[in-house]
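Next, two complexes with chain A in common: one pairs it with chain B, the other with chain C.
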Partner chain A sequence: MKTYDAIIIGAGHNGLTTAAFLAKAGLDVVCLEKNEYIGGATVSREMYKGWLYSSCSYVCSLLRPEIYRALELHKHGLQVTPFGGSCQFMENGDYFGSYHDPEEAYREMARFSRRDADAYERYSADTMRQCRLVRDNLLRTAPDPTSFKPKDLMGLAELGLKFMDMGEDAMYETIRFWTMSVAEYLDQYFETDVIKTTKSGSGIIGTALGVYSPGTAYVLLHHYMGDVDGNVGTWGVARGGMGAIADSIAGALQTYGGELRAKAGVEKIIVKNGRATGVALESGEEISARLVVSAIDVKQTFLDRMDKSDLPEDFYNRVVNFKIRGSSGKVNIALDGMPTFPAIPKGSTLYHGDMHFIDSMERMERAFDDWKAGTWSKDPYIDMLIPTLTDPTMAPPGKHFMSCFVQYCPYQIDGRAWTEPEREAFGQTVIDQIANYSPDFKSLILHYEVRTPEDIENQIGITEGNIFHGELTMDQLLFNRPVPGYAQYRSPVSGLYMCGSSTHPGGGVMSAPGANAAREILADLRRTNTVPENFGDD
Partner chain B sequence: MTDKYDAIVVGGGHNGLVCSALLAKSGKSVLVLEANDQVGGAAITREFTDGYSVSACAHLLYQLQPSVRKDLKLKPQLVADDMTTIALDEDGKHIRLSGNSVTGVSDDDASSYRAFHKRMTRFAGLLNTYFNKAPPRLGPMDLSNLVLLGRLGLSVRLLGKKEMREFLRLIFMNIHDELVERFESPLLKGAVSLDAVLGTHLGPRSPNSILTYLYRLAGDCGRVALPAGGMGTVSDELAQVARSAGVTIRTGMPVKRIVIDNGRVAGVETESGERFDSMTVVSNADPKRTLLDLVGAQHIEARFTHRISNIRMRGNAAKLHLALDGLPTIAGLTQDDFAERLVIAPDEHYVERAFNPAKYGQSSPEPIVEMTFPSCRDASLAPSGKHVMSAIVQYAPYALKGGWTDAARREFEAATIRVIERYAPDIAKRITASELLTPADIESEFHITGGHWHHGELTMDQLMFVRPVSGAAQYRMPVDGLYLCGAGAHPGGGVSGAAGRNAARAILGREKAA
Partner chain C sequence: MSVQHVPLGRLRTPFYERMVKLDTLNTWHEWKGYSTPDALYCAETEYFAIRNATAVFDLSPMTKYRITGPDSLAYLNRLVTRDMAKVKPGRVAYAVWCDDLGQVLDDGTIFHLREGEYRLCSQERHYDWLITSAIGFDVTVTEETADIAGLAVQGPTSYSVLSAMGLDGLGELKVFGLMHFDFEGTELMVSRTGFTGDLGYELWITADKAEALWDALFAAGQIFGIRAIGVHALEMSRVEAGYLAAYQDFLPAKATVRNGRTRSPLELGLEWLVDFKKPNFNGRRALAEEKRRGSTWRLVKLDIEGNKAAHHSYIYEKSKNNRKEIGFITSAVWSPICKQNIAIGTVKMPHGAPGSTVWVEIYYQREMHWNRAMAKAIVVDKPFWFPPRRSATPPGPY
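What follows is the complex of A and B.
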């Protein structure tokens, strides 16, 4: 029987990235996917004839450019197009638009408050400074502060020096930034509720926290530190939907001689004499390898696919306590034509951006209170985008695809499974909120799919359908991610590694965990490193 | 005609008194100016209705630092020095927490609580080490700063690998998640949640609520004491010590402004128009009042002003005082039990639900309550056979939508009584007089901006290096000769005296000799 150098469990973007870098280094790898399609949550699927749905993730910015270059993803058809601005619809019939053009952006803010318009530059500079600090650490392994190994001490010292380089003042502000709530952070700059609301969304997307919860200012960065073509903070859509990203990495993997197998769900990770030696598939087939890398989340990996007896008790308990909370859902809609939004001027660039239908911090926080009470938000925060305006290939000519990311949506209703009428009602809540601002929207709907966290778990395999494979709170970041002491991609079982979003630096279609894991694996194997490190651009 | 002193302390709260006494002991001439007619700030005993007295604001003694006790040779008279906390149950199945033990819960919960308490106490002890020092500065790389920073890092490392990891994880977490993982008893989870959020603008599900819990423990390992004669006697003793060290204390002297001359402090001017000169002014008032009201933004750099105005310090805790013609009855409690600390927080969700409205400027329809009946321990507080109840009730947001009108106050008081009635059905019949102090009242009566008893939220972004604000954590304000010695400075609130002591040491230039 053939023995691979490495098996990668899960062909999401991170699994594919690890596989591609290992293959590039000359390893004999196979990447296993349980579904018949690859990509995990980075996927485009034809859910309605003629329409490609970005079923789960829907926009792209975090994908590291070094990875893009190192894997030559352009050769495999990846094309990311930036889209413009965003728009906040208000209950009083007005709207607030965010624009890329600095003058336009200033004028729009000044329409509400000149003071806010003036504060924006300060806000932008301060936020960007935090972005740069974090960006530097995305493509490297987090040092272990408890370790006395030279590598960790060096890493810590480097972090410390970089921190000190900021100057005393910025250092204090950094400490504050990492621990405060997004609402408090914004309060320092802005006075207009709708402007704060616009900016606060990025602080809570994908987390089980409200805009007033301490720690959400940091989450903001996860939506600011990306870039498209070097424009930091810009978002784009991948031509052909998000699946194009996974497909291009898969293309690279195959070019380097790696194997990809769909419909090959892993039932068990085989451990012999304290060492991972391969996997058993759901079909009963066994595949052996010198090492196994799991791209699925830590709970799926260690609690579902391993024997408790193969793991140290402390580690096992920590994985049990690792917080992966379902907090967001999706509603994807095929449209017969472009809906009108009378509040915004015809031909405005705002149509191309993401749209939100909530206009106050209080409404944002109340949406979270519903989640805490065990139900979906009755007045949700929707991040809506019509990507077909930027990428017409996703729908027939003149038709459109609409992606609605919805926060908050719990994994379970009151601690039990969703019922069909509840799923329907959740979808209807979303459609109704949008219809409040678009009179013809409902009549244009041809088909829609509702995805609760439970559905995402069932289809994609992510615990609670959490888009980040684990909450992005300080207790689960950097050297604490996924669990203290195992933040360097190695598990307590030798030969078994982790490379998914449960590891540093966390979720988003970033591919950084996958790349970092590949680098650590190659180091352990004493192979030449194929993985880029650090940022060339910053 | 003016008087000249080596230092003037604005505000005779406990920190101001500690600071002034230490300065005087070092031979300085010190004047303390207190706006109210009695010293003590928020730590006073006051008759709120004929014959009934209570500790008007702070009502339990958690944290008076041993270093302060030692330096000033304080011997506070305590009628209780380690009160049991009884978390009330509607059916009389109360649980009792004392030290590391809890009774009335399953064996599993009891042993989990022992482990939990042990770890929390250890981490709290680590925090406590830093209560008695000024935080190091991060910028200048002089030796003493590096040594302090190094010690800080080392002491965390000395916890050992496993505990250090746990520490670095827990301090960012919310208490809710930790409690749900550890305990099954709703009452136990509720009681610990209450301890974590009392005096803050946090719910148990807000990240950072473990840190606030640690802060509470950090004073005296969570020991709760009750001084004889109420908190006022602690302040009176401090005033006594200060006076005998030579401090001049003048009450009923509200300060109108801190006089700035040529960019530095020159003295203070009182509301009555009197002027006192000094090159050193130490403010026991909160940072907003000190810098924005007493000094004035025109004397401070814009960015610093901006930071000061962004300090979050809107109180949520109200005080409710009741005069009772006898103790109420609570099923399952004996007469003696009323001498302990009683809390109402039936489960962790209840506490979170109480918090929700506070986010939107509304008071809790079902508040959490910490009750004491100090007259059970100390008969001097009420006429014979009668009793007083002193309770902290949360959440009553300072910036209540629509303001704290009489109707709003009546509504909150009634809501509180309704909640207490679930346990003590006859409480309403026993009440002969009552007094509700909302954060707005605490602000006007005790001159604390926002009525926030910690002079600013105890969240990570307002602690240590960044308390009160970035770049001013060493008690010196960016106006020459101006110092801060109140709870708004490191290490924050509670009747600990640590801020006052640390400030005195900074002024005397002795902090390096620590």
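What follows is the complex of A and C.
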């Protein structure tokens, strides 16, 4: 029987990234995917004839340009096009538009509050200062503060220097920033409810916390620190849907001689004498390898696909307690034409950005209250985008695809599985909220799919369908992600590594965990590193 | 509800239609949301209108705030570093204001319009800071950028032009003074201020009277060589006068991301604007401390040998052997009136004492190829252009 150098479990963007960098270094790798399609949550599929749905993730900003370049993803069909702006519809018939042009954005803020418009510069600078501290760590392994290894000491020293270099005021601010709520953070700058609401959305996306929950200011940063072509904070769409990202990394992997196997779900990670030696597939087939790398989340890896007896007790318990909570769902819609939104001017550039239909911090918090009570938000925060206005390939000419990310949506209803009527009602909640602002929207719907966290778990395999493979709060970041002492992509079992979003620096279509893991693995194997350095923000 | 959508694209100042009529180049850029001309027909000719006749520059996009109320003087004295009690009604003060760390947020001019009524005029926007600073003071801060149109009327014949326009009594107006006139039933405020270092005035009027003012001005100015000008010409004269520009010679402190990129007034050569004798003001403690232990940076005006403008150049202590980079140029221009290669820069202390010599590395392109020159530069402590007519009262007819 053939023995691979490495098996990668899961062909999501991180698994593919690790596989590609290992293959590029000359390793004999195979990347295994349980579904018949690859990409995991970085996927676009024809769910309705003629329409490509970005079923899960739907926009791109975090994907590290260093990785894009090193894997030559443009040669494998990837094109990321930025889109501008966003729009917040208000119950009173007004709206708040976020324009791409700074002066237009200023004027729109000043329409609500001159003071807020002027404060935006300070907000941007303060947020960017925090961003720069974090961005620099994305393509680095988080240094372990308890370790005396030169690499960790160097890493800590660099982090410390970077921190000190921020200046006294910013150092104080950093500690506050990492622990405070997004609402309190925004209160320091803005007085207008709808402006705060617009900016607060990024603080709770994918997170089972409310806008007033401590720790959400950092989550905002996670959505602010990406860039498209160096324009930090800009978001883009992948031409052909998010699947184009996974497909391009898979293309790179295959160019480097790596193998990709779909319909190859892993049942068990085989451990012999304390060492991972391969995997057993659901089909019963066994594949052996010198290394096993898991791109699936930390609970799926250690709780579902291993024997507890192979793991240290404390480690096991920490994995049990790692927070991966379902908090968001999706409704994906095929449209017969472009819906109109009478509140905004015809032909406005705001149509090209993402749209939201919630206009106060109180409504944001109440949306979270529903989740706490074990049900979906009856007045949800929807991040809606019509990517076909930017990407002509996802629907027939003149037709459109609408992606609705919905927060909050629980993993289960009152602790039990979703029923079909409940799924339907959840979908209707979303459709109704949008229809409040678009009279012709409902009549244009040709088809839609509803995805609860439970559906995402069942289809993609992420625990509770959590888009980040674990919440992005300070207790689960850096050297604590996913488990203290195991934040450097190695596990307690020799030969078994982690490379998914449960690891540093966390979720989003970033590919940084996958790349960082590959670097660590290649270092352990004493192979030439193929993973690029951070471009660095000078 | 009916929503008033914001206008998209670039806004037009109250003088836009008038400028377009004179414009032959069609080269404009954005200034705080407004279209502003780089030049209207020829930047060099426009420059000489400033130095030789009368140049008219539309400064309407400048940010303007009206500050009124019983505490307006106390408020401004807390806000800015200089003593505003010395600035009587009818006077104008150049001022800087700082954050708690003594770092400059911006510079601008404060017009004491009437007893207790002020206008603060700056390049950047500060409503957020001004409102926060107003807590505890009985003052009202009103944004009036779009309501007030402004024209700089600068050059040796500018007094003649304005007199011909019928502004009687202007001859008595001293530098940094202001007067109110009636213009077709509307108040016209004229201040003897400017950004050119020459004889000149600035005219301020409500936006609805802007075009009428322009027409009257140009009708009177025709025989005095009046010309509308763009930003390029103004920029040349601004460097000659040694004035600073935000986002060029310093960054507004609240907008910087990197530590150490801000500057204190002391580091910008504006110590004369900092009055430690007056009671507490923003940044006082930090500035007093800086004065004790010394500044990190120094602003320098440089007279550079040769004729190649030193845009973006590094400044070195020595030309060769162990040369150390000590700073960089922030503004540079060939001065047509002084026939000097001049620049404003920032250097690390203790370098750049007035009279000392530094070296500037100049890159210049000739027919695609790049050349490099190390040019010797003398640090000067006076403006490059400071003619007696700038302050002559009454001004001559020229």
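Rule of thumb we're sticking to: the second predicted complex is superposed on the first by the 535 of 538 C-alpha atoms of A that agree within 3 Å, B and C clash if a C-alpha of one lies under 4 Å from a C-alpha of the other, contacts with A are read in each partner's own complex, and residues count from 1 in each chain.
One rule holds in what follows: a contact is a pair of C-beta atoms (placed from the backbone, for glycine too) under 8 Å apart; a residue touches a chain by one contact, two chains touch by 3 or more.
These numbers were taken from a predicted model, which means no experiment stands behind them.
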item: Which superposed partner A:118 touches (first chain B, second chain C, both, neither); value: second
item: Touched partner set for A:149, first chain B, second chain C, both or neither; value: neither
item: Contacts of A:74 with chain B and chain C, given as first, second, both or neither; value: neither
item: First (chain B), second (chain C), both or neither touched by A:378; value: neither
item: Touched partner set for A:132, first chain B, second chain C, both or neither; value: second
item: Chain B versus chain C as contact partner of A:263, first or second or both or neither; value: neither
item: Contacts of A:184 with chain B and chain C, given as first, second, both or neither; value: first
item: Partner chain(s) touched by A:167 [first = chain B, second = chain C, both, neither]; value: both
item: First (chain B), second (chain C), both or neither touched by A:93; value: second
item: Common interface residues of chain A - those touching chain B in one complex and chain C in the other; value: 167, 169
item: Touching residues (chain side chain A, partner chain C) in the complex; value: 92-95, 97, 99, 101, 103-104, 106-108, 111, 114-119, 121-122, 124-125, 128-129, 132, 165-167, 169-170, 189, 343-345, 349
item: Touching residues (chain side chain A, partner chain B) in the complex; value: 145-146, 164, 167-169, 171-173, 175-180, 184, 187-188, 209-210, 212-215, 314, 321, 323, 362, 365-366, 369, 372, 473-476, 479-480, 484-485
item: Parts of chain C lying in touch with chain A, wherever the complex brings them together; value: 1, 3-11, 30, 32-33, 101, 125-129, 131, 143, 252, 254-257, 259-260
item: Residue ranges of chain B touching chain A (in the complex, touch as defined); value: 137-141, 157, 161-162, 164-166, 168-170, 172-173, 177, 181, 202, 205-208, 306, 310, 312, 352, 356, 359-360, 459-462, 465-466, 470-471
